[in-house]
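Structures given as structure tokens follow.
Presented sequentially are two complexes of chain A, the first with chain B as partner and the second with chain C.
Then we have the complex of A and B:
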């Protein structure tokens, strides 16, 4: 027998996830009412370009948090990796890809260093990465000799600012290629949802009723195509959006469906039980930190490209944005709970709020206060929600 | 209400959305008696005590509570404690890094003349309370340095400091060894003489028979009956019948042993303490188990039962391990848990909450945790197959939960234990080591666990059961090893084993045990 779940049941079952999503929609609506420019083609493109680094960092951060650890060093690692790329490309004239690969390699090495101390020596991630925060910031100053380097220019600059696929299929005022890609994404989404649904039915599990299923896909399709149309009207598909889509998709699948991903959840939920179930706790911990380092390297390339240069103080406080994104997105402070999609919603909330408030000319001081309160309220909602579930 | 009654709970009904946890439950407790409450896990005992102590405040349930002749409605635990009702939970609520005295007066600190705590006075009052519960410890000792038995006594001392009139103990002896249990029960009798009424929730029927004046049985959220224990009809069988709603003719299911070839042999197994390198925890232990055989390991707490099992299971415990393990006659090397699972070993822990389950995760993912590789192809998990497997085990082991998506932390002890068993069964082991498989679970669920064990050996698996309950070992095993001071002190076929014989071997003096091992 295949059970069919109604709409309200789906909502209550996923209140945490749907709650945060509803909050995101509300914030977007609020800003679009307050400021007519907010949903304009130019600004939407800008949000993607400007805050992509938070999303990239939040992917790695949510995995570290699910593991039951934390990484405070990512801001410094973003600076260090960007600095290494800048020294190679700007000062020594190396090709752009050498700089990018070197940045990733440095990120990976940083991850190995921290992973070693956490996994094999047994020092809490909080301490190791607090030390790393200072260590790698200091290294950044050394690498850059205390001065900023700019500009990258060329292909390196295009990584985070370019629209390289723009105009492939031509178009009048709107970029057809962008629309085609977004159309394919919607079709891909619908197909994968359909296959999941068929799989669940084959295994006699609960699925949504057909109208809800169709409505869900229709809503996603409309929102995605509207977003795509806005981008296409401006300058088309930003390179960075392609990178983000690939990363988010890949890591969603890794965390939910791979043995490695599932072991991260097992360790965060109960380390002892995981160990006694044959999970190689040290190995998984090590590689989760290596992964975080690599993603910090990616964010380092993206951010330095976006800034068109490297500054010794780059990436300051980025770790807090990434951590906030993960917690707003429903990750648990004690580990074992959290999703990449949740962290992405959390990161988008942070991004949209920053951008919206900037458009409205809200002073930096107020912005910080608002962001702090949003983090607090999101986690308070989580706690309240858990208590409500426990009381039942 | 009779003036000899201290407490009357009248037709208490408590509903949670979708579930009626308590329905028209009545409980009368006489002044100065020890009143036992029995029932299967999930029958509603804890809910009833939470209603009484104000965890579920007045207004969230129907019915009336009359305490000392006066109708009361507690809004919180503080209210009920103010009236002298103190509940001691199964999981003790002591702060490990505070001293005994600090714990006793936590939230109720002894003040001097000003706002500051008068530590001299607190410590001397604590010493008096400790004397009342028969605990010879310094009040300034850290609680973390004391064993569970002594911690339990500190909880009672804490209750006494609050001028307790009605003491409620939730499974107080579940984690205690025999000596500590005896002491605790003696203390309850002693307190009774001083006029303190106790309610004790317990699964141990012999303990109830020994100590309780009356017993109330609860099943499926209803009161079945209250038995006067002085009545000659108040047998353990009658209580069991009331709890499970049917006659449990045999407490251990029948099994005709069909024993095959030797599957696992451990020889000269020596293990050192993980932090104190010169301390030998397991000393040259040797044992074996054959296909279709249930082998018991009996030993007092601290004899090294869990340490032996965990060190064999992929060196999960200890250092400086030496010895040999043979699987089907071949020497194997087991360096970690993953390899142990690969060699067909499984170990279900005695402490399911700390070492067995991911309590925030659902049944499905707990069942697949150890055998995840079987569900995966090239590192990718088949999520649909996972649900199917979990559903199969839920049905075959009778795990009581609406779906496999239910969070394991909310299941009763018996059902949690079944999830742990399902997890290990799914790894398809040849040898299953079960460490205290029925600790803290009720009679009905115990029977189900024994049935599962029988099914496993019938399927040709070898099972090792570690247990502190000797009747259990005698009831389900074919052969029993005894362990004392980390040494195997005896091996007795069950036909020749008696509780007295086993106890004798388990309590052999340290020096004699050393001679036996060499």
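Then we have the complex of A and C:
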């Protein structure tokens, strides 16, 4: 493999990934030019809080999509789990953590139910979760007796709205804890990039030239620290951001480094080969749906906390946002391809676009049209990119 | 390695009186097959003769209706592909394809990843993968190349290399050269000879009698799911083989493959 071929290959292979990041940066730049408030500390915090549940759902969704399935029920599951928590905490006065754990348990049970039908009965996920979408929405209405419940208040409310770590390390007007955490994140990123680079060099694979490598890390560091500084100036680290960071790290490891994750990719890539190779297809499929249910439960807690209550119609269409995030983030419609980090970028693109257009006062109708077109174009770009790669 | 020398040892695989039907179709009827270490046994026969079915029965993909499978003289039950792998049976299936979205290492170790708790030992797997590809003297660019970027021949090399993960004693190859060019076929035949040198028993299923004659020690013919002749590769003529495959001759008794019993 010559260095030149290797380089062009690297660019094609990474085009999708670098393309999605470039698109994200461009959209952020565009909105910050159009609206001076966009990059304000308050608004950045707001974006994180407002779309956190879509990011959480997108983590599970990209795994389901890589498996070659789809889950249309997550919006209803968000509503159902939030409703269960609300009935326990608001109506029956249970402690906040009882409500949260019950929501997770319900999410897990929902996942087992759907995983059973998909994995062991062999009904396509599309059908099972379409049924689930209706089933769990109906259950939500029953659980809530057709009325909304509010407010949670207290610790439950703080889950998605609090800044518990603010002031741990002190600081006047700027939260030091936030800056320390972001600093650690930058160092961690730089170290992992350096190790990847060393690994590639050891296998005589192509790497960027040193100045480009340093510049890339510097740019990331500046952007991340700028974001952290803005948050620190506002109210510090939102609890939700900590939860998200933990989930994203954990699921990146699960999908990229664990045997379970590898088997999800194998099943989505070639079901027959996976089966003949001894991959336990049913078991992996079942647990991928259980995992999706659990994450929908987490999103249910976060959303009901954020809304400070539960409504029968909560979470409507969330499944579509989560699915769009996964596809914009590079997941393949035929399965086997997609990454948690990609889905997160996809979800952030959706979040930033929604927020930016809201700030500019773009009507809801136009917002939907724009989001629809972005999804279409992102997948079209994928298809085009793949064809071009195949044609070579 | 000649079959007469091999026959004096315990066969690595002995199939006795195995039958399998699919509804009205008798895919296998009382089939016998014996394979020794250091031996390449070719399994030939017309389309639908039952060759792939036999491979699947031995690899744990489907269970036989009746009959016994012995490994190193011990009767065994092989209920799943993982069981077969545990027992040291490695198979390249006819309709087997690799996961194109995964790289060479991931495909080699699929279903049998080296792990530390539930995390994979990526570095170790790559090291072993490189070693195995070196044994097969293959021309795979890198163990990190996704399968989608490989040629048909390179993919077949990966499929065969897969059989060397763990410590197999028996390798079954179901038409490994069917889709390959002359050059790639030669490469695969080289791999098969390498497997024999490593002391494995090899079952080669093929329609290509030239390939079969080039690498096998013994040729077993299946016809309509039944044994229909067993020949020493060095002493058999093309006409005899064709006659057995097409049914112009009937089963010769006793079969030379039974000598080792």
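Methods note: the second predicted complex is superposed on the first by the 364 of 392 C-alpha atoms of A that agree within 3 Å, B and C clash if a C-alpha of one lies under 4 Å from a C-alpha of the other, contacts with A are read in each partner's own complex, and residues count from 1 in each chain.
Keep in mind that, in the parts below, a residue touches a chain if its C-beta (ideal position, glycine included) is under 8 Å from a C-beta of that chain, and two chains touch if they have at least 3 such contacts.
What you see is a predicted model, and the numbers here were worked out from it, not measured in a lab.
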item	value
Overlay on chain A: chain C relative to chain B, clash or fit	clash
Partner chain(s) touched by A:337 [first = chain B, second = chain C, both, neither]	both
Which of chain B and chain C A:202 touches, first, second, both or neither	first
Partner chain(s) touched by A:259 [first = chain B, second = chain C, both, neither]	both
First, second, both or neither for A:60, with chain B first and chain C second	neither
First (chain B), second (chain C), both or neither touched by A:228	neither
Intersection of chain A interface sets (partners chain B, chain C)	203, 205, 257-260, 262-263, 265-266, 269-270, 272-279, 336-337
Chain A partner contacts - residues on chain C that touch it in the complex	59, 61, 80-82, 85, 91, 93, 95-102, 106, 110-113, 115, 118-120, 122, 141-142, 144, 162
Sites on chain B touched by chain A in the complex	16-18, 313-314, 316, 336-338, 340-341, 347, 349, 354-361, 365, 369-370, 372-373, 376, 379-381, 383-385, 387-388, 423
Complex interface listing, chain A residues touching chain B	199-200, 202-203, 205, 256-260, 262-263, 265-266, 269-270, 272-280, 332, 336-337, 391-392
Contact set on chain A toward chain C in their complex	1, 203, 205, 253, 257-260, 262-263, 265-266, 268-270, 272-279, 336-337
